[in-house]
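Take a look at the structures below.
Look for chain A in each of the two complexes below; its partner is chain B in the first and chain C in the second.
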Partner chain A sequence: MTIPHPPATRVTAALARRGRWRLPEVAFWALALAALFLLPGRYLILNEIAILALFALSLDLLLGYSGIVSLGHAAFFGLGAYTAGLLARHGVAEPVVGLFAAAGAAALVGFATSFLVLRGSDLTRIMVTIGVALVLGEIANRMAWLTGGADGLQGIVMGPVLGTFEFDLWGQTAYGYSLAVLFVLFLLARRIVHSPFGLSLCAIRDNPLRAAAVGIPVGGRLVAVYTLAAAYAGVAGALLAQTTQFVSLDVLEFHRSADVLLVLIIGGTGYLYGGIIGAVLFRLVQDELANLTPQYWYFWVGLILVVLVLVGRERVVATLAAPFAGLLRRFGRPVREA
Partner chain B sequence: MVDRRSVVVGAAAVLAGMAMAGPLPAAAADPVRVGLILPLSGPFASTGRQIETAVRLYMEQHGSQVAGRPVELVVRDDTGTADLTKRLAQELVVRDRVAVLAGFGLTPLALAAAPIATQGQVPQIVMSAATSIITEQSPFIVRTSFTAAQATVPLADWAAGNGIRSVVTLVTDYAPGIDTEAAFKSRFTAAGGTVAGELRVPLRNPDFAPFLQKAADLKPDALFVFVPSGVGAQFMKQFAERGLAQAGMTVLAEGSVTDDDLLNGMGDVALGVVSSHHYSAAHDSPGNKAFVDAFRKAGGGARPNFMAVGGYDGMHLLYEALKKTGGASDGPALVEAMKGMSWTSPRGPVSIDPETRDIVQNIYIRRVERVNGELHNVEFATIPAVKDPVKAAKP
Partner chain C sequence: MLTLLFDGIAYGMVLFILSAGLSVTLGLMNFINLAHGAFAMAGGYVTVVAMNRYGVPFLAALPLAFLITAAVGLLLERTLYVRFYGRSHLDQVLFSIGLVFMAIAAVDYAMGSSQQLITLPAWLQGRVDVFGVAVGLYRSFIIAVCGVVVVVLQLILTRTRFGSRLRAAVDDQRVARGLGINVNLIFAATFAAGSGLAGLGGALGTEILGLDPTFPLKFMIYFLIVVTVGGTATITGPFLAALLLGIADVAGKYYVPEFGAFVIYTLMIVVLVLRPHGLFARAR
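Our next item is the complex of A and B:
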């Protein structure tokens, strides 16, 4: 006798339902692609947005899906940037090769440091992640013969992407390249978080003790996701190095880690699009304000952030979105009801 | 969770809005746009403020019309971050169609923008950054500031000629610092002096205490110092705290250490420091007096420093080049017009070396003294028409 709906089947069905593509998602990516042809003169900032979005996506895998707080994520970003930059400088001009190398290097260091990071509680983790980033920053500073130190890595010459698309001054290739990489890695992340593995991460985030009690190998899963997130951040860094053809110590600095956390706070954690939307808003607001008041734009960015956190993102957005309530009801279900 | 989804809609709306805004239309009056990229926030904001004030002052004094074309300033803040400088430069060239890029507070920032100048064929006027190699990075770079080595070599000569036999060098560990260290050492040893020790302090979060202790142990006649503008005050304070002045050690400084902008705030510990540089607010000429007075009025009482004079002269160079080309603003013509140009700046006579596109100028030896209640770098010797020694030494 067979049970009509054994639990495993039901879980699989639920996961599949959750992983289905919805109209707004398709529309979002279609818009991003349309921007590649419709917004000349904006490609450079779009490229920055795509890179920041990938970086935020990588932090979301940690913070949003696994509950690991990191304030030193720039360590992997910078590592990826230097790896890609150094490769290009020493003759490997194909950007895609640089991406893989950067992902590999960042994953390796991510794996090695994951054991340090995953030891303690949240506060310890914050300190250790900051520490790792600081150590890498100082290493890059001291190894000036390799990295150019405080003067930055000069003389990066990138070949055309896949041998066909030459990087242009307008940045169209740069944006197209970054967007393509973001999309592919987003698909991968989407697949991962909608898999049983992703589900187990959410369980660990919500209650590590109970997760361990039901037989989830907590330590192993966290090491895996930390390594994965490091690789993602490494790719984001590599994209920055390749599209700007320049790497400075700044890629490892604390404000990068803090910015990406802000991006996630603005966009929301735990649903993959948070980082992407946060990146769009953060960069556009920053850019517009900086153009309006080159001297005092930090003040306005700060004010907006304070308001956003005090009032609460959900409420701000709900107020703004009230007129579209009917339309919104037709959008897809989020991964987690907050 | 409707609200999160609504963010997707919001983002879509923003993108759509951007699409409608589209690229900027070309203006009908065809102005010459100048993209001024400066660190206006962050740790190097004072550099940006000085240059921006000076550039605006020049435009106010000389009108915003030159050779029949209006000059328009587009100011951008790069926060001292090199990849941002690069993106801003690129945007200014492709979107805002600037005819000239100017500013560049630090060496990495100027270097990051150099490929854009070359690709876009746009002159890049470097108003502040001081590493020798900068002008070699693009045939479109012209410099109106100085090179660190240029300002240092005369000081080595002066030291050797004034009874100083042994020196310890203390520089910040980045390209201009290493330039000055090498320039000072080779000149000073060639003149018969000895360098007893070479100390390099990290660029970020410098703590001078251990280095000063090392310098004290070596007991040289003088300590040669180069630190970036802004860190000088910190150095002088720690130097005084260790009582090294009483121990008979003279400070020889590259002029950035006794930056005019900060000098008065350092207090009496700075008195007697001998330095060499291309500009002092106390430079004795009618042109400079007028410049300092006008700058004080425009800048809310602040004293102009060498950054300000670099910005002021950069604008002058652009105006004169436009006059020479009859208003034509294509990059190669402008750079060609700038080569070999000479004029009298607030700092004294200057010219642009047609070979290297770098500035040739007088270097002054100065001593910190109290003048009218304020500390000033008072010039007491002049070495005329100094070229950048690093590039001059190359075949």
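Our next item is the complex of A and C:
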């Protein structure tokens, strides 16, 4: 018989408290589900938001929970997109199989490249992650016989999801499908970050040396979370490929990695909802700006970025979110002193 | 074969001029400036506008590109960059990416998205035979100009008081400040000069690198490779790295075109993983 260790029980209790579901969270997901029925005609953008949210969520696991700055996260997004697209093109019409394959492929490459980001400073990590994305982009470009090169991967035909839900013209199934995947993966991520494993990641983020000193296997944990984040990004890419039935080299490009970083920064890092809220805001703002100045909306994106960091991103987000501060805290957003 | 080597050296020289400023920013202030390419692009567009719209001769446009870009660099350093020295690398990266996006869109708006061309003066066009090797006149001109710049930079860095202060500040900023060196002033001057050099590089490179609004993103990785592989401690490190990169890129595109830029990216990753402080860095 073992007597529970007092600190251990305290930690377990604290983790359980942080991991408890709160009412606004339930309301949030109910709202997302309601959009499936209440917003006809907006399914395309809703679908894009769900995919972008999943992509940002995967980056949050890296940046928000483990402190790894990556500027090449599109590598795994694109890999997942091409994997799912190629599978569908060569006869595997079931989307869910494509998702698993994409997650597997991205996780494999993520695992292999994770050892490269373990070493070195922020700059080295940034360079290596950009480099990995560039190498993959170059491979996709050169292997035109397989990927279609600059013309993109065409002729993707998707079967119904799980054999029952046929993709329709308006994208209702697409949004429902993406939302369901996002929700399931969100649940998984939520479980992971509220586990002792997640707690150890935060410790590494805050102080790698001290984390190593208290016995956390820093290298192993980072490899694990990098692989996990890669798999998540791969699934996001697969969703894009399956719901738009098209993959182009664009999925691997630098601006996609930069965009997802911006999305996460807008929403705030380290509480999982940041990526989702950021995705909603980013897409809505992007839509408005693209209507205003179709060709040059990147200027405004750049301006938002500069202003955001100039004023201090924590402060801007905190000020804008002040009316919702109580609400956001209930989403589990970490409270920081401004 | 020798022509290829020659072209590679010219290409590498331009890359060095383009990246020299970045190595100082990174080494001195530990600032990850992804927007460095925007200054190079500015220099290129200054040349294009000056030559095509106002009929300024090529030789006069080069110093113009240097001066205007340096002024812009100084302005931005004093107003924006200076606020980011103590910040986290993530903030610096976000800020400079924002600048790049703005620069790309602004240039696109002002000049259009097409490739910009300049007409070189007649005495720089064509090739001559030197001992059976076809040598491009413009490329020899580039090598000459860049060679002079490298020698001048090296002399400034090793022989002048400003150079020794700069080296002191790079080696140990705190001690340098303690000795009464005005590190901020040195940095502002160096940043302006580095931006100016990038502008000059952009002007010289218009002909061989091409110039369109996506320039800062397209070549960002090249500047970063030069600086991280060469290390930030000396001028010679980035210089050798730039030459290697130029020769490898030109030769790679000629001999194994099916691999494209693949070789360079892979090499960069390998070097960074094995030697995180650069190929030519001193052991710390």
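Convention: the second predicted complex is superposed on the first by the 303 of 338 C-alpha atoms of A that agree within 3 Å, B and C clash if a C-alpha of one lies under 4 Å from a C-alpha of the other, contacts with A are read in each partner's own complex, and residues count from 1 in each chain.
Please note the rule applied: contacts are C-beta pairs under 8 Å (C-beta built on N, C-alpha and C of every residue); 3 or more make two chains touch, one makes a residue touch a chain.
All values derive from a computational prediction rather than experimental measurement.
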Task: Applying the touch criterion given at the start, work out whether A:A224 contacts chain B, chain C, both or neither, answering first, second, both or neither.
output: neither
Query: Thinking of the overlay built on chain A, is A:L281 touched by chain B (first), by chain C (second), by both, or by neither?
result: first
- prompt: First (chain B), second (chain C), both or neither: which does A:C202 touch?
  reply: neither
Message: Between chain B and chain C, whom does A:N141 touch in the aligned arrangement: first, second, both, or neither?
response: both
Field: Touched partner set for A:Y298, first chain B, second chain C, both or neither
entry: both
Message: Just checking: does A:L36 make contact with chain B only, chain C only, both, or neither of them? Give me first, second, both or neither.
response: neither
Query: Between chain B (first) and chain C (second), which does A:V306 come into contact with in this model arrangement: first, second, both, or neither?
result: second
Query: Where does A:E48 make contact in the superposed view: on chain B (first), on chain C (second), on both, or on neither?
result: first
Message: On the A-aligned overlay, A:Y271 touches which partner chain: chain B = first, chain C = second, or both, or neither?
response: first
Query: Residues on chain A in contact with chain B in one complex and with chain C in the other?
result: 141, 295, 297-298, 313
- prompt: So in the complex, which bits of chain A are touching chain C?
  reply: 63, 69, 71, 116, 119-124, 126-128, 130-132, 134-135, 138-139, 141-142, 254-255, 258, 261-262, 265, 295-299, 301-306, 308-310, 313
Field: For the chain A and chain B complex, residues of the former touching the latter
entry: 24-25, 27-28, 31-32, 34-35, 38-42, 44-45, 48, 141, 144, 149-152, 154, 169-171, 240, 244-246, 248, 250-251, 267-268, 271, 273-274, 276-277, 280-281, 284, 290-291, 294-295, 297-298, 313-314, 317-318, 320-321, 324-325, 327-329, 331-332, 334, 337-338
Task: Enumerate the contact residues on chain B facing chain A in the complex.
output: 1-12, 14-16, 18-19, 22-24, 38, 40-41, 45, 49, 75-77, 81-83, 86-87, 90-91, 93-95, 107-108, 111-112, 115-116, 119-120, 131, 137, 173-175, 202-204
Message: Residue numbers of chain C touching chain A in their complex, please.
response: 26, 32, 80, 83-84, 87, 89-91, 93-95, 97-106, 108-109, 217, 221, 224-225, 228, 258-262, 265-266, 268-269, 272-273, 276
